[in-house]
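See the structures that follow.
Both of the next two complexes hold chain A, though its partner changes from chain B to chain C.
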Partner chain A sequence: MEEGGVNVIDLTQSDENFIKELMELGADELKECIQCGKCGATCPMALAGLEFFIKRIVHAATLGLRDILLEDSSVWGCQSCNRCVEVCPMDIKPYEVIQAVRRAAVRVESCPANTYEGLRNLYRFGHAVFPKGFEERRKKAGLPEKPPTALSFEEMRKKYQEILRNTILEEIAPFPLT
Partner chain B sequence: MSKHHFKEYSPHHPDVITSMEFERILSATGPTGGELKRPSDGTKPKTIAMISCVGSRDERYHRYCSKVCCMYMLKHARILKEKYPDIKIFLFFIDVRTAGKDFEEFYVYTKELGAKIIRGGRVSAVDVKPDGKLRVRGFDVDLCSPVEVSVDLVVLATAIEPPDGVEELGSMFTATCGREGFLREVHTKLYPVETQARGVFIAGCVQGPKDIPESIAQARAAAAATAALVIPGKIRFEAVISEVDRDKCSSCGVCVPLCPYTAIRIVEYKGKEKAYIEPALCAGCGVCASACPSRAITFHGFTTEQIMAQIDALTEA
Partner chain C sequence: MKRIGLFLGCNIPFNRPDVEYSLRFLLNALDVEIVEMEGAACCPAYGTMPSLGIFEWAVASAWNLSIAEEKGVDMITGCGSCYGVQNEANYYMKKHPDIKKKVDEVLAKVGRKYNGNVKVWNVTNFLYEQIGLDTLKQKAKYSLNGLKCGIQTGCHNLWPSRAFPANEDNVFAPKRMREICEALGGVAPHYSTITDCCGMGALRSNAPEKSLALFKKKLDTIKAELDPDVNVIGCSSCLMQFDAGQSLLIEQKKINYKIPALHIAQLVAIALGAEVEKATALATIPLNGVITKIKGGN
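On to the complex of A and B.
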């Protein structure tokens, strides 16, 4: 990534420590990947046209390309369908690589903004995806304003938040847990 | 092959070497006593790039795959990673050809040791940077991006070539060379060690690029085929071969250079020089019989009388 913006990936930045970190974070079979591409052939994100999909993420991980992986938001697009894990012939569990990259990204706060938004929503309301103005739309459809989930049960939500406060969320959340 | 054919890989630089030279550097009996030192300044390289298919699978040099390079590149990477785990090794392959029992396992094991495999990546250029490092430019099909890497040492896996003089060697016993310059077997599947010259067998890289187990298997096959000829003490030869009627032979010698199997010699017969066909060598092609101006050569099974009778039968109707 130098020389007048020519889009060349410089492998000199390949970082063994990043590979080690990912392996510690759950991608322990990472190095066995032979890039057969079976995961890419089944990944819904690849089918949807995402350029940096599972096969390439795993390869970038085996090369230890930290910046590329952490700067790109592709890992957050994973739908956690686990098809890749089921088809992988080398049993490297590609989804675990995605998870490991996500964990590494959280450590250095290198996640897309909507990730934190989702995390905050999850903590506050029990829903990661929380579209604005839902009350209105529910009313129009003749439904109660709040769905019968954590949203409607204040006490349960408090308990749930208490449980979350005892997790790693306490350390990593970039918002106050109150 | 020598590195000097490949101008795009900066062959003038002392730290661009062939795998053969690298093998010597790794060898305990080599010039460095087995210590990893790069040729230019004797320091230990921290980053190494290895490039496959240099001169192989290339219309400008050799169209064939040299077959053993993928494996020995992985072997070198494995030796290095086991000895010096901190070294970074980038292996540039077009694709990794590790076919066969245990070979794929070797590949996966080398990957696990941390060797970086770049596929779809025959390197386009190796440049010398102002700081003296070597910049390798390639393409990574798995990243779907051009890549480059700065390294201390570049190892070229150059093609296996037939040695000089194979053609002359073959012509000494009428074995022929194929298009690529290796000695040719009679049949790829059925007669893999036999040559056109009966009694001459081939084994090893003179027949084509191959690895040690294959060479040994072929050598043993050649030895067995030789023994099968020698042990009975006598040779059974074909019925359909040519024979000289030496009383008719005019000693013109036309047949001698024509025989593809060098089965014809001029030998003394009744005080005169006459042609003689060695029955053990004759393959029954009939070239000599049709060329003989004195009709002194009989091709058994296709004698002049038999052929004339055939012509008569055809023209009668």
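On to the complex of A and C.
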């Protein structure tokens, strides 16, 4: 194990305001955590070998360890599988802690570049996943080049974009919302 | 006649449109009218609007749900994320009236509204509850002829169960997909890691090697315990891992076997008489043996 990083917990770095921020961003039951570890026992991130998996992330969140949580990118490897939510005996919804950390991270531009790629595709095309060459693949399956989604209906797509402009995306997007 | 909104999402229409063909074929064959979700967008994927805020998540899903509600239908999807994300959005909007109020205000700006009346179905639960195994069996043109199926339900089809309108009796021991395969003449035994994650999704995007190693662990267990003719998958993202992801493992010489993979919609469509070339057009692991077994016996 490497020294430092997520493996050393420095309690002098504890930030009560960060705990409040996470609670406001969806981790509203954070303080109920009893550190039982059931979430970690079901977590695919732990099974896959990510050192900073759900139990440790929730622990760091309960201590308000802002820098560790925002600097480590593990939260972005979470599968959103919700096993932890299913098994948590205190119903703190551990996955919502992951999402709250992500929400705090995007507000200070501390997220992986592919996060913005998904958001840009979502805004421009109405689809976060928008791989090249789909027309050819659709043809092979005997389907029209474009699916009947926002991609094919410009007026609807513009309305959808207006909705997205009425969210925090308007403030945090590092690409033009035009 | 039953009607349902076909929610396509992203991976199905763009990466695996053979699953879209299969969904369309099976709904037609089961006399369910397909209502096109004209103008629907991404669900939105967990790493996008849900990672910005609960309101952001809810309003983007409400856009899709409002389209279905206007057309007077529930929705069906073949993608686990689309199923999980939109059901959870429905759940949050019911639980948090303040968020719902904000959603209503923003939807109103573009002349839309959502009253909260749309259910989102996945393929398995729709077949199981809305069609029924007996009807499915009666309408099948081909028997699976003892085809041995390894089942992968997919995380988002199971949890968080409180947000889902329909589910397994035991969400840690799923049986519905097994029963569907068996009703069609296949065998689909339980195995020890049946609910394990396949590693596709955010893990694959952010830690690809760890994702594929996690997948290999699952695949090795399936091979050792079942040695199935085919893996049958409940989610389009899992399908991409079980098919293209497995091809990567073969290319990297990390496994020395091949197990073909079909989405449950593809398998059912083929049993109902779909054109195999279209229903399996994008598969990278050859399915010849599987098709011969299904079609050879009739």
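Remarks
The working rule: the second predicted complex is superposed on the first by the 150 of 178 C-alpha atoms of A that agree within 3 Å, B and C clash if a C-alpha of one lies under 4 Å from a C-alpha of the other, contacts with A are read in each partner's own complex, and residues count from 1 in each chain.
As a convention for this text, a contact is a pair of C-beta atoms (placed from the backbone, for glycine too) under 8 Å apart; a residue touches a chain by one contact, two chains touch by 3 or more.
Model, not experiment: these values are computed from the prediction.
The partner of chain A that touches more of its residues, comparing chain B with chain C, is C. In the superposition on chain A, contact is made by A:T62 with chain B only, not with chain C.
When both complexes are overlaid on chain A, the residue A:N7 reaches chain B alone and has no touch with chain C. When the two complexes are overlaid on their common chain A, residue A:V129 makes contact with chain C while staying clear of chain B.
Shared contact residues on chain A (touching chain B in one structure, chain C in the other): none found. Those residues of chain A that touch chain B in the complex are listed here as 7-12, 14, 16, 19, 31-35, 51, 55-56, 59-60, 62-63, 90.
Listing the residues of chain C that touch chain A in their complex gives 8, 10-11, 13-18, 20-21, 36-42, 44-56, 59-60, 63, 81, 84, 106-107, 109-112, 155-156, 158-161, 171, 196-197, 199, 201-203, 205-207, 210-211, 213-214, 217, 275, 278-279, 281-282.
Across the complex, chain B meets chain A through its residues 47, 86, 88, 90, 96, 107-108, 111-112, 114, 116-119, 137, 140, 142-150.
Residues 25-26, 44-45, 47-50, 73, 76-83, 85-86, 95, 99, 102-103, 106, 111-112, 114-115, 118-119, 122, 126-131, 134, 137-138, 140-143, 147-150, 152-153, 155-157, 159-160, 162-164, 166-169, 172 of chain A are the ones that touch chain C when the two sit in their complex.
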